[in-house]
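Can you keep this structure in mind? I'll have questions shortly.
Order as written gives the chain letters A, B, C, D and E; numbering starts at 1 within each chain.
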Amino acid sequence: QETVKIGVINAYSGQFADPGAQLDAGITLYMQQHGDTVAGKKIEIIRKDVGGIAPDVAKRLAEELIVRDKVDILAGALLTPNALAMGDVSAEAEKFMVVMNATTPVIITKSPYMIRTSATASQINGNFGTWIANQGVKQVYTMVTDYGPGIGSGTAFEEAFKAAGGEIVGQDRTPVVNPDFSPFVQRVAEADPEALYVWVPGGTQPPALAKALAERGITPENTKIYGQGELTDDAALEALGETALGIITAYHYNVHRDDAMNDEFVEAYRAANDGRDPDIYSIGAYDGMAAIYKALEATGGDASGEALINAAKGMTWDSPRGPIGIDAETGDVVQTIWIREVQMVDGKPANVIIDQVENAK
Amino acid sequence: MNSLETRNLNKAFGKLVVADNVSLALPQGARHALIGPNGAGKTTLINLITGALRPDTGSVQLNGEDITSLLPDARVKRGLGRTFQINTLFPQLTPLESATMAICERDALSGHWLSPLAKHGAAIDEAYDLLGRVGLADAATKPTRDLAYGQQRLLEIALALASSPKVLLLDEPAAGVPKSESAALFEVIAGLPEDISVLFIEHDMNLVFSFATSITVLVQGAILTEGPPDQIAHDPQVREIYLGGAHHG
Amino acid sequence: MDPKSWIRAKARISPYEAIFWIAAAVIPFVFFENYLSLAASVAVTALFCISLDMILGYAGIISLGHAAFFGIGAYTAGILSARGWGEPISGLLLAAAVTAAVGYIVSFMIVRVQHLALLMITLGLSFLLAELAISFDQFTGGSDGLQGIDTWKLLGIWKFSLWGHTAYAYALATLFVLFLLARRIVHSPFGLTLEAIRENPVRTTALGAPNHAHLRKIFTIAAAFAGVAGALLAQISETVSPEALGFQRSAEIAVMLILGGTGRLYGAILGAIIFMIARDQISGFYLQYWYFWIGLILILVVLFLPRGILGGLERLARLGRRA
Amino acid sequence: MAEALLELRDVRAGYGDAVVLDGVSFSVSENAGVALLGRNGVGKSTLIQTVMGFTQFLSGSILWRGREIQTVKPHLRARMGLGWVPQERDIFRSLTVEENLTVVARPGPWDVKKVYDLFPRLKERRENKGNQLSGGEQQMLAIGRTLMTNPAMLLLDEPLEGLAPIIVEELGDAIGRMVREAGMTLMLVEQHAEVTLGMTDEAIILERGRIVHQAASKDLLADHATLDRYIGLNIGD
Amino acid sequence: MSTLIAVLFDGFSYGMLLFLLSVGLSVTLGLMNFTNLAHGAFAMLGGYVTYALVESAGWPFLATLPLAFLATALIAAVFEAVLFRRIYKSGELNQVLLTIGVVFASYAVAAFFFGTVHHSVDLPDYLKGFVEIGDLKLPAYRIFLVIVALAVTAGLILFLEFTRFGAMVRAAVDNDKVAGGLGLNINAIFALTFALGSGLAGLGGALAIDILFIDPNFGFHILVPVLIVVSIGGLGSIWGSFLAAAALGIFDVAGKFLFPDFGPFLIYLFMVVILFFRPNGFFARR
């Protein structure tokens, strides 16, 4: 039996090990549920650890995967710089590549053999900016993390918000390694804006920021708070309690969305991961694997870059996150963006979907 | 012209005055001893002369040139050499390497970063020769830290000699060297060319009185008296403060 | 033994060395063709390690921020290429010149401090540079890394490909040339003086050595070496990101150097080879937990091979001769 | 004659794999003074350090008040009453003079005040850090510091080196008094053979790590031929 | 006005957190001269002890703090006896490498037992939210941090300056051979000092959870700020660390408040400049 080898380049250690672990769990779960054979080919995963942001290492690992391990497909790409470096290799070696997480828009242009199954910064935040302006909000203060994804998201948000008639009254960038949000929160308190838009990477920062806001009395009661979904993930909600009520976020995946397919996915994921919930990393990888499987089925097992990319482009399917597809021109993901508000559900704060933007690009 | 001269040197550590208007002159070829109670400021004076310490006021002249504002290494380049009271050596290097290094530095070879050391055979030979003269030939290729204390003292002196100083400052060179060998050591020092001036600190009066041609007594940072050996040996004040009763001159 | 031959013996090229370099040139091409990318990156790292050995092993300057120069070299070559001039060798030379200049300026600071202050200042400088690299994103591509590097054919003939033939040959040749240079430097009178300064700066001053001038010189040279290493990596991988300047890279080469043994140049090379191959192999097996094994190796090396693998081998050889 | 306080039996010791002492045996009885003489590098310091437990002990035995101590840790030997004054002074550089004294203090007749009486110079410099002392002051401090541990036996490794003649004289007297009046036992390494022999009862001469001569100090002082042969001293000229 | 006070208080209390995390290093690195980069790993250990006791055993937060100190001190003493003791004289670089090795290993061990995800602890209600003083809103937990920091400072200064212990440690560091030869039990002294320093790290780690959270990277994370505090404060000076931490906290917070675009740049610049002119920090002991 022939095999199709997938080389996964991911952060398994270091600062980004946690999202890396979630991403990997998404891959594993998909294969558990759908078996390791597609179109008569056995699927084999080869995992490599880049250990963090290290494009030179990512590039070398990608080269080695192709030269040494003879992989047919490159996947993973948790972090933008690494994804960019992998893109070069995909283009040169003419191998199909699936970006399972990195959200910077430009990545997709790096290789004609690339698709993305996560989201893009502009897809979520651009649509969100328009939505907020349409709600009648006039002025927003923005606060985003000072690195690629943060700046990309912030810019997408601001452009869309301004295009829809809004005004940006303040702009702060917080350091990537940020142990203390208090000075930035004090600046917001001082400016006392109508609304605040924040973008911080998932992990320790959302609860830390949310806490810093609450401790200084900035709550949705007096200032509207908007952000990308991470801001109100479960850890943050737990740390915040009732003070989080009213925060509105936009996201492409909602763990608690009431949907049969999602329920089944979450349950299986929890069972496989000591009760832990899936998150965007998990779903990005899960759908990434789905895309690979479906494309291989369509090509009848032909794993060449050319065949796979042609099969993948324009594909659509149903995912636990909702309807999803691959843009026939760019290879980027097309999906629904969910707008959620924190509300009390069964005595606990939870993200409740209040609106949605369909077929967002 | 004196080869070394200090003019009204003053130095205090906080309230403690360690150099009190010290004016000292060393004519060329001098074999001059500096003695005085412990803590009188002898080592400090050497540190002031070599530039390891900066004087509060006063100046230092070397062969007529004012060197007060020069850095220590520049003073060495002008012919000032010293040893340390407490061994100050290169523990991992061998005596041969240490002495070769000193000679290379003296001959301005240390800037040569692209020619192999072995090409500078003359420097190595000279170093080996020098070690032989102070009795370290056998220990030349052992790491310094494995040498006995007395051997390290000898290396201390060899290194000072390696820079071919015109004025040599020795801080208790014979401390830790047995009597027999310390005499031999002083023979080496005494046998240095006539034009080299030597200032040495020593608490062994036998050595002081047999090798010094003149002596300065330093007490609490100030010069108490100066003169030829027999005068100092019989000076009642010096006897009381420093020599004690055991020395009969 | 006659003193001159004793000193000369320390600097003589032994047959083992010739074997080593021939092996390095042949074995990867013949037996490990699939590993050429890794081999190229080992050669680059070995060069970087040698640079650290010159200041740390010989001159005793401990730096936790040496990657600053690696990164500057990488960005210099990278930006040059991204702006349209991708000729590799001139890129190396420019990187060497730029890093030497920066190294010279920084050296005025470095030579004045020791111990913790030295560790922290070198660390701080590399953090500062990384921040600058992130801030000046119009030149550097910010935290996403520099895009658009395109390395031209080596000597107009050999293309840099996925397989890494050109990359390895290029990196190895550069390493070899610079190794010979480093070897010459450490066996020169200047090299001896550096060791003496490392051992006891007070005494070298008293022997007339201008310590600071000597140290500035070696620091500048070492910076240029590190810059060339960085430039090599940028050209071979066609990427540079602020991580090139980061603490992790500085720490890793210190680890490799200690592992191999300081103050002997080959320690740097050996350390790079062993560390990088071990990591490549271990991280393949223990994705999440390879840090544990690296940590353990570090601990064991410091405890049982405090003078590195080469130091340990030397001791064995001495014991063997005596027995 | 009192029971031996310290006894070495056929001791072999050195550094790493270099054997420095070979087959050294002797004993020191309570309240006696022993001089240890010999040229440079014959192993005098090594002998003292072996008694303290700082060298590689290879074979033989060391007895303290009849008990074998060669496996006992150095600090416990010190607490048993061995008082070592290292040759290189080794003042605690970052401690003040007074801290240098108090930090090792153990109860007994010697206290800070008595040390200051012995070395008035130290009292003047009591606030100075250890590394800001003159060579001679460091030597005084090294001796004073060891006295603060109130030892039963002093092991002095060239304690007079670098001291002014008048201090040498006073210190010599003081040490003599300690032995004679305070019941202190003494082992003394010195270059000044006359002074050393004057302060001790017995003398041992080492050569290449072996004992080559043992005699009463008085006799040795008169035995110019032996002194000349092993130490190269020409006393009296 | 009240914003100014709030910013200053935020800075000061952040500084106190830094102080609590670094004071132990001021003991192990400053006093013992042991370049202990594993400090962060011990802080992490203390943090996990508190986390485990609060979340799994249901202890009240305050009650876990002494245990975070003790458990860390005990384990550190074992490490000292088995590992660190052997390299006190091997030079800074070897110490850096071995202790970094410990941090690497601790990362993997923590990831194994507690997962890569970050954890926080549930605080008692009286430490949550803010305390209103006039129109000033000060976070309750930060007030608590300041109080603990002041208590630790006072206790340590009393212990190290007014007992012979501090001098014994310095003597043992200056020359362990001679200190031993004069009857000081240097092994015990070093073990105790190291346990004290690391215990303080553990306490700091436990106290830091609420602000920094705890995950396997904690040991790496806090290392640089902590080293900055100790090096600027001056080796071995508790008081120096205190002032440096306070100054750094205020400088950092106020700097980011006033010039948010400079990010961490200012702190590194501050450190490099200070160390260049005062290589031994402000209150160097040696």
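In this section, a contact is a pair of C-beta atoms (placed from the backbone, for glycine too) under 8 Å apart; a residue touches a chain by one contact, two chains touch by 3 or more.
Everything numeric here is computed off the predicted structure, so don't read it as measured data.
Note on connectivity: the fewest steps through touching chains from chain C to chain D is 2. Here the chain-to-chain distance from chain A to chain B, counted in touching steps, is 2. In this assembly, the chain whose C-alpha centre lies farthest from chain B is A. Greatest Cα centroid separation from chain C: this falls to D. Averaged Cα coordinates give chain A a centre that lies 76 Å from the centre of chain D.
The distance from the centre of chain C to the centre of chain E, each centre being the mean of the chain's C-alpha atoms, comes to 33 Å. Centre-to-centre, using mean CA coordinates, chain B is 42 Å away from chain C.
Under the contact definition stated at the top, the residues of chain E that touch 2 or more other chains are 107-108, 111, 116, 263-264. Looking at chain C, residues 288-291 sit in touch with two or more other chains.
Residue positions of chain A touching 2 or more other chains, listed in rising order: 13-14, 17, 21, 146. Interfaces, counted as pairs of touching chains, are A-C, A-E, B-C, B-D, C-E, D-E.
Partner chain E is touched in their complex by these residues of chain C: 56, 62, 64, 109, 112-121, 123-125, 127-128, 131-132, 135, 247, 251, 254-255, 258, 262, 288-292, 294-299, 301-303, 306. Note for the complex: chain B touches chain D at residues 13, 36-40, 42-44, 85-87, 146-151, 171-172, 175-182, 203, 205, 241-247.
Interface residues of chain E, counted against chain D in their complex, comprise 164, 167-168, 170-171, 173-175, 177-186, 285-286.
Residues of chain B that touch chain C in their complex: 50, 52, 71-74, 76-77, 81-82, 84, 88-93, 96-98, 100-102, 104-106, 109-118, 120-121, 123-125, 127-128, 140-141, 159-160, 162-163. The part of chain C that touches chain B in the complex is made up of residues 1, 3-4, 6-8, 11, 184-185, 187-193, 195-196, 199-200, 202-211, 214, 217, 221.
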